[in-house]
């Protein structure tokens, strides 16, 4: 449905994701990139948990946030950058194992993009739903200045 | 304004926070607990950043989420537990240094609590604003079952 | 996917909607009720607009809110009532004509339900996306006390 | 704290609000405009209620949305226009009487503004909390085109 402006969108997303040190810290992997859609995989680790032994809600937010971000980034032209304006996440169920976040663009506007992410457990259980707003910064490098 | 039901609320919050392995992973510290209000401090580390060298938006969400959670937890009776229903966060400015998240209860209901958090940089710059909903689980231990 | 607990769910939703005087005020109609899903139709009227002649964002919120609410209500047992905990809506495009809101349950929990609504213009244009949390009040009449 | 760019901000807000036919429909009044802050008053009317006789959550959203909008608009230059990007609202308590919505700018950026609104009942009861994102459209008339 969404046609990418940049034919090298997938390599651009993977390269940018590779520079996200926070994703390395938690062990998340960008496991799929399509035009306007992504998948992020997060293997379970005990050091990602909260006080009751479930994966921390903020960690769930991190992978959903990033899944939305690269879904949006995949549809943008090369040479631009992206900022997260805001996101909202509902935690639907506690999670004790590995997670998969699927991000998808709802609407790619000239300046603003709205995206959603769903987070699932390995058994298919629906863990979280996010709705996010992003803003494109034209002609801004996606690297530390 | 908010009177704690449990006189040992501060110790209970600190003990629970100490079991949040995800907070240890990112180096966050519960630096203050008052009835219905908390502060979480996050020293800057390069491994918390996204592709442009700013603190990852999901990390900002993590400390704001946790600040709201313990603000709510501080007003609850001993012997109960808490789940995050949902949160919404606006990222107001990119952050490149240490962060302080201040959580505060807006309304503590019988079952649901609404809380807010503000995240600030060391120079006082306003980095993010969160609004969150939490649900109390009565007679449920705040520990792994 | 969602099996209704109450076989008379549709009549119960329509009867409840009929008591929403605010829906009568704006001219909205509950045009479809399925288990866990609804449609609300809003014919265009000039008195629903904001300062630029578009349908007011709050009016768009009203029909999306109500579409989510009855999607959730359709799956609940008879004799219970429902409160909106919170909702978040992205306005994707300005709207100048009649609108259709489609509500759908994402997850129906014991106490909390998460639902979504999409609002469309007559030409199929995507106008808004909502994500909402609702809470069931067991054994509480859905009528003025 | 917020200095208005346009000295005639109050007249500009009142004139724009006067063109919001949806506000006339529900009987809302812009009762105060300060730089970056507004108050909207909504007298109780039975035709604003939902099925249980409380003011409809969507109506509460309408006045909070509008309070945020004019708080943002008050800080903008003359000759620009404003769109609501998204909002999130928690309904804290049911409302059966007249309402007051107070909007306030959290951060006025170059393009995006974040604002909040609180809705109160006449007895001071806290009814709702909103967090909203708005986008300025430079050199765009605030009137039907």
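Order of writing sets the chain letters: A, B, C and D. Residues in each chain are counted from 1.
By definition in this document, contacts are C-beta pairs under 8 Å (C-beta built on N, C-alpha and C of every residue); 3 or more make two chains touch, one makes a residue touch a chain.
Since we're looking at a predicted model, the values are computed, not measured.
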Checklist outcome for this item: B-D, B-C or C-D checked against A-C; over half of contact pairs coincide for B-D
Checklist entry - So which has more C-beta pairs touching, A-B or B-D? => result A-B
Item to check | Chain separated most widely from chain D, comparing mean CA positions | outcome: A
Checklist outcome for this item: Here the gap between chain A and chain B, centre to centre from mean Cα coordinates and rounded to Å, is 22
Checklist outcome for this item: Rounded to the nearest Å, the gap between Cα centres of chain A and chain D is 32
Checklist entry - How many angstrom lie between the CA centroids of chain B and chain D, rounded to a whole number? => result 29
Checklist entry - Among the residues of chain B, which ones contact at least 2 other chains? => result 85-86, 88, 90, 114, 133
Checklist entry - Can you list the residues on chain C that touch chain B in the complex? => result 85-86, 88, 111-112, 114, 133, 135
Item to check | Residues of chain D touching chain C in the complex | outcome: 16-17, 19-26, 46-53, 55-59, 61-63, 65-66, 81, 83-91, 94, 142-145
Checklist entry - Contact residues on chain D for chain B in the complex? => result 88, 90, 92-93, 106-107, 109, 114, 116, 126, 129, 131, 133
